[in-house]
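Below is one structure, written out as structure tokens, with a few remarks after it.
Chains here go by letter, A, B, C and D, matching the order in which they are written, and residues are numbered from 1 within each.
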Amino acid sequence: GGSSEASGTTKAAEPFRIAVIMPSATTDTAFSQSMWSALKTVQADMGGESAVELVYTENMFKVPDAAAAIRDYATQGYNLIVAHGSQYGSSVEEIAPDFPDTAFAWGTDVNTFGLDNVYAYTAAAEQGGYVNGVIAGMMTKSGIIGVTGPIDVGDAHTYISGFSQGVALTNPKATVSKTWTGSFSDVALMAAAAQTHISAGADILTGSSQSVVGSIGAAEKAGAVYWFGTQADQTSLSPKLVVASQVYDWVAMLKEIIAATETGVYGGKTYILTLANGGLKIGFNPDFALPADVKAKADEVIKGITSGSITVAP
Amino acid sequence: MSSAERTSADHIRHMEMVNIVKTFPGVRANDGVSLDVRTGEVHALLGENGAGKSTLMRQLYGMYQPDSGEIRINGEAVNFRSPADAIKAGIGMIHQHFMLVNTMTVAQNVALGRKSTRGLRLDLDVVSAEIRRLSAEYGLHVDPDAYIWQLSVGEQQRVEILKALFMGASLIILDEPTAVLTPKEVDDLFVTLRRMVAEGHSLLFISHKLHEVLAVSDRATVLRDGTTVGTRLTAEVTREELVKLMVGREIKEPEIRAPGEGAESLAITDLRAIGDRGNEVLKGIDLTLRSGEILGLAGVSGNGQRELAECLAGIRTISSGSIMVEETEITGKTLTERINMGLAFIPEERMRDGAIGQFSVLENVFLRDHSDERFSTSIFLKLGEMEKHSTNLVREFSVKTPTLDTPIKNLSGGNIQKLILARELSRNPKILIAAQPTRGVDIGASEYIHKTLVERRDMGTAILLISEDLDEIRTLSDRIAVIFNGQIVGVMNRNEATVEQIGALMAAGTH
Amino acid sequence: MNDLFSLTLVTGLLNTMMVLATPFLFAALGETFSQNSGVVNLGVDGIMLLSAFFAFYAVLITGSLILGILAAVITGVVMGLMMSVVSITLKAEQGVSGIGLQMFGLGMSSLLFKVLVGTVKTVSGFPTLSIPLLSRIPILGPILFQHSILVYIAFLLVPLSWWILERSTWGLVIKAVGQNPAAADSRGINVDRVRYLCVILGAVLAGLAGASLSISSLNLFQDNLTSGQGFIAVALVYFGGWSPVGVMWGALLFSMANSFQLWMQVLGVPVPASLANMLPYILTVVALTLSGSRRKTPAALNKPFIRGEA
Amino acid sequence: MAEKKNTEGLEIGIRVLVPVAGVVAGLIIGALFLIILHARPLEAYGALLRGAVGSRFGITQTLVKATPLLLVGLGISIAFRASCINIGGEGQMIMGALSATWLALALSGLPHFILIPAVLLGSMVAGGFWGFIPGILKAKFHVNEILSTIMLNSIALQLMNFLLQGPLMDPKGIEAGTYLAQSARLSKNAWLTRLMPPTLLHSGLIIALVMAVIVYVLLWRTTIGYRIRAVGLNPAASSYSGINVPVNQAMALTLAGALAGMAGAVEVLGVQHRLLEGLTSGYGFTGIVAALLGWLHPLGLIPASIFFGGLLVGADTMQRAVQVPSALIGAILGLIVLFVSASGIWTQQLIRRIRSRREQL
């Protein structure tokens, strides 16, 4: 609830109202959660519930339902509607023109449909993947690295693509072998996939973040098998095994969008999270004893990507 | 049957049902029915289809609870909430429709619901031995290891009787137990029943066959439309009087004229087929059927009658031999092609093979003819034509049904059978294969069905009448063939056949 | 490939197969009882989910694995009762009530997870229990005798279930009730009570299936953790022709195929992953097609029993 | 005559009201959960009602949801009538959606009025094929359809995964480096007409209603329907009458697949305008619920699917209004399905009582 708290205060004190529509639960330790916690951070930074009203709709994997939610929120006069799923594109394209005073943000994609009240956003996941790959290449002893994931699309694809390039840079002889389970929720199969990599000699595992929960158990049973994460900081899931995670940080982008809407700009811009603009961060596990030379190499690569001297293909 | 088990139930000296009323939605099945049974008595229950006999007995067996009225055992009112209660009180029931698990063996069926001698472990070997002993004692021959689905209807009936014997009940209800038995089997059963009565059992006996009732019972109660019409001492009553009580009029079996010499319309030569058990059940059948005659096929059930009917219908593949209809070999033809050639079938199990219970009366009329061009274009049904046709049939064959839309399962057995007969005859078949056409059907309806079969014979239809009812065979058939162990062991003209002769052939296959 | 590697492959393949098969075995054996008594319970997946959650949650707060198992069993009993009341006493269409139960289990487990736990956490579940001596047998040892206790229990349930169904008086009664309830009823057997017990037993085993995921093989909970495994378990009952041994072959085949397709991917066999993912499903259907198994469905399956109505 | 009409009205009333009472019972238990989660039940259920029928958007959204439910449910009804338990709606829908996307992209040059029928036909063929497989497996190899349809659901899903990662992946996504699991957007002439812009209501609803009438006619006015029903009610009597049981069951499953395939196409052409992961999720199962709530009758299915669609739409609105986790909605819906299925016995008893009273008159 909380739509009536601000009543009675002056216009200037009315909260900024944000609604977000997400394809999975706010607790998915992945895509949806990354946006939800960013929004929570924004809310806290801007002065809490009295300054920012925040509502959500989760598990909207059906597009028509999401479309209904988007329209409903727009009708209720929310200032910013975040459609956090690439599948919502056509709904945003259709609904946004009916609500010219509402800002829409949708991702992950780069297309604003030429509408001036639509922002698009995406993450250059290949960049963090590259950094993770560079570290992994230096740390593997067996020369075998396992990748697990649900299906080979979206930022999972670009992350792995960057990761493989990174490994190739520091350890050209290492093999990166990939398994895809074909399901976003089948944790048991994901665990079996990780186990299979380990049996085949892998001493480092990574994958798009849904797979981490499946892989941890297998990795913990095996002992000295390390994990690289993406999308969110996964250190807390296994402080022993996680080396580093690529973290999506939507906070800066969201703040920028909010600031823009207050000057009357409701869209027309595409944001791509990169290491350079601070949208992507590499979260190192503080408790993990990363060898100094490896850390140095990682920092060097981050600097290279930031400065543009290293480019990574998605 | 251990004697310990038999004495464990309190002995029923006197059972009374007083003023029983039982209503189903729309039907008052029992309307103040009373009867009583004493130790050592056989009490018969008579009435037309739907008179309320089974309903009354089901209340005694705890399957239904009466709306009002009382059941007393040895003077004390009892309240059976389930068959378990009735069984405990010493009541056993042989149901009109078999209560057997088809996928289990005879021994498993008998063991069901009975304490094992080995605790949780099954003791089927003990049960089998017991079955063999009882089989020998009562002449009820069944293989304890055979699966029920492999048994003929008659054999299944024997298993039902065995089950009741096993339970050691002191009052046993037999709901049409003889409908599927041969005269010899009926005689054997009666011997068994008398022995049980002598041992102090009491029996409630339902049958549509009056000579059986007269032969075995001490008293008879007649029901009509749910009410008691009267109770009589069997020794003091005549068959005619009982018929009048039941039906309200007299019954005349049709008179049969000698047949003309018809042309041969069906010729079966050296027909062989494998049964469900994988053994050869038809071992070279040779049989011819002429138009305008009724050929009765007598035999103890389980000797290949069912399989023969299925081979003729084309739903069982034959291993060798030939079936000629007039000049055409039909062994390779489908059922539909055979029907189109003028064959018609009345299957033995009418509710399983002959009708679709939830379909309306109208829909059941068109099971075979729904794609006939009279009743459908190639795709759409001609509902108007269908309604006209079935109205005519229902009227012509006096099928008693509230409406054409009534689900057929709500009709009485006799009326369902009449409708099936109507359906099959409506196409003016050249050949009619009728298996057990009057089994379980009351006297009035039987008379009607018999009359209709004879009429058709006179019109030139060739009729193969498969029946275990020797009276039926002997009244209707122009010629009688006897099947034994998958072979025809004798064919004779009606006037040269005696009951003893047929009986001997049926039992042993020898002259 | 050298010998050592192919040995690793075989061991890994079969070991993973055993682990993957465990939840299927529990759930499908349970459903075997339920269906043999005449009740199709399509809600297995929902029962697995809610039990998986409660088992996980019990271990998370108490640290006691026994309480975890107890939580799963109680959840199974309650969900089994729900299914029984609706489908047996109230004679509801079993397909619909099962789907209702599945929706409820899925929703409720996610809700409780969100409210009570909030984010993915791990617990320490059942440890690997190497059977002394046996586990040291070359090749076979690591495949068969280095698992958590629930894996052993699942496989021991196969002969036990077989014995109950085929050799005990209970089995005779259960199958009679599933084949011809009217016949069982006329022998004084309480049809509804037998069905209640079978459905509840089935649900308890489904509960253990859930627990085997959340506190034995994965040691965590997540939304929709089972990912439809309950439905596969139902399918395996048909595969196994309502016999515990048949169900075991089905579970092993399905899990083996999954284990195998993962190895194919790891070894870089050039087949698109999605097509490899299809393998277990295709293989199960093909195997049943080719095996020509003709076990008959329990005749009263999916039919509520009403005395006096044939 | 008038008397009969009255009781018939009463019967319909019972068929509607008793399940509604089941829904209410489910909502009451749901209210307890809401209270525990510190949400106000009345506010929540008010939002549910408002969301489903309280506005033009609500009503149209309900109808948009009802459309695939109706189509899938029609197919399920045909299969169930032949006593084939078709759990394969999901997979059949996916196949329909795949073929619709592929055809619509390949034939995008054709004019609207040729393109749409062609695509719909293609999707029926694809979905029908996915129903034919369990049909033929059942007919020829006695493979139980519950097993095969469950397996085929997963196979179809993986096939869609495969196509979305490769052949059907939006080239724009590859170009932009996003590699999203979605197809290219369909050209506008492949979209189903919007009936009430700006609402999402599209002509798929009309297609589904027409199909309901066609299925009604098929089941009760044609020889095919007669045989399908006969086979479902009594296979033994059917084969003793020359009706080929396996062939008719295979036919029923094929028809079921074709209708579910059409539902997939209608979702693509009417709502999504492209192929996406998650397009079908749940309709194959909720279609079963709708079919049985509609008494497996095409005309009963129309209100049943609208009712169920409304419930789904309203539940989403409720989630937004009181900000409870969406999982709660799933749990409440599950309870409602349980209660409604449990209420069937009362419906039957009441109707039987009325009928016998009528007969006694």
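Heads up, the rule we're going with is that contacts are C-beta pairs under 8 Å (C-beta built on N, C-alpha and C of every residue); 3 or more make two chains touch, one makes a residue touch a chain.
Quantities reported herein were computed from a predicted structural model and do not represent experimental measurements.
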item	value
Remotest chain, subunit B as reference, centres from CA atoms	A
Comparison of A-C and B-C (more C-beta pairs in contact)	A-C
Centroid distance [mean C-alpha coordinates] between subunit D and subunit B, Å	46
Length of the line joining the C-alpha centres of subunit A and subunit D, rounded to whole Å	34
In subunit D, residues with contacts to at least two other chains	158, 161, 165, 325, 327
Touching two or more other chains - residue numbers and ranges from subunit B	357
Subunit A, residues touching no fewer than two other chains	25, 151-152, 182
Every chain pair meeting the contact rule	A-C, A-D, B-C, B-D, C-D
List of subunit B residues in touch with subunit C within their complex	58, 61, 63-64, 82-84, 86-88, 93, 95, 97-104, 108-109, 111-116, 120-122, 163, 351, 357
Residues of subunit C defined as touching subunit A within the complex	8-9, 11-12, 15-16, 19-20, 23, 110, 113-114, 118-120, 122, 128, 213, 217-220, 222-229, 258-259, 262-263, 265-268, 273-274, 277
Contacting residues of subunit C [partner subunit D, same complex]	42, 46, 82, 85-86, 90-93, 95-97, 99-111, 113-115, 223, 228, 231-232, 234-236, 238-239, 272, 274-275, 277-278, 281-282, 284-285, 288-289, 292-294, 297, 302
Residue ranges of subunit A in contact with subunit D within the complex	1-2, 23, 25, 55-59, 61-65, 67-69, 71-73, 75, 86-87, 90, 94-95, 98, 108-111, 122, 124, 126, 151-155, 157-158, 182, 313-314
In the complex with subunit C, residue positions of subunit D that touch it	33, 37, 85, 87, 137, 141-144, 146-148, 150-152, 154-155, 158-159, 161-162, 165-166, 285-286, 288-289, 292-293, 325, 327-338, 340-342, 344-345
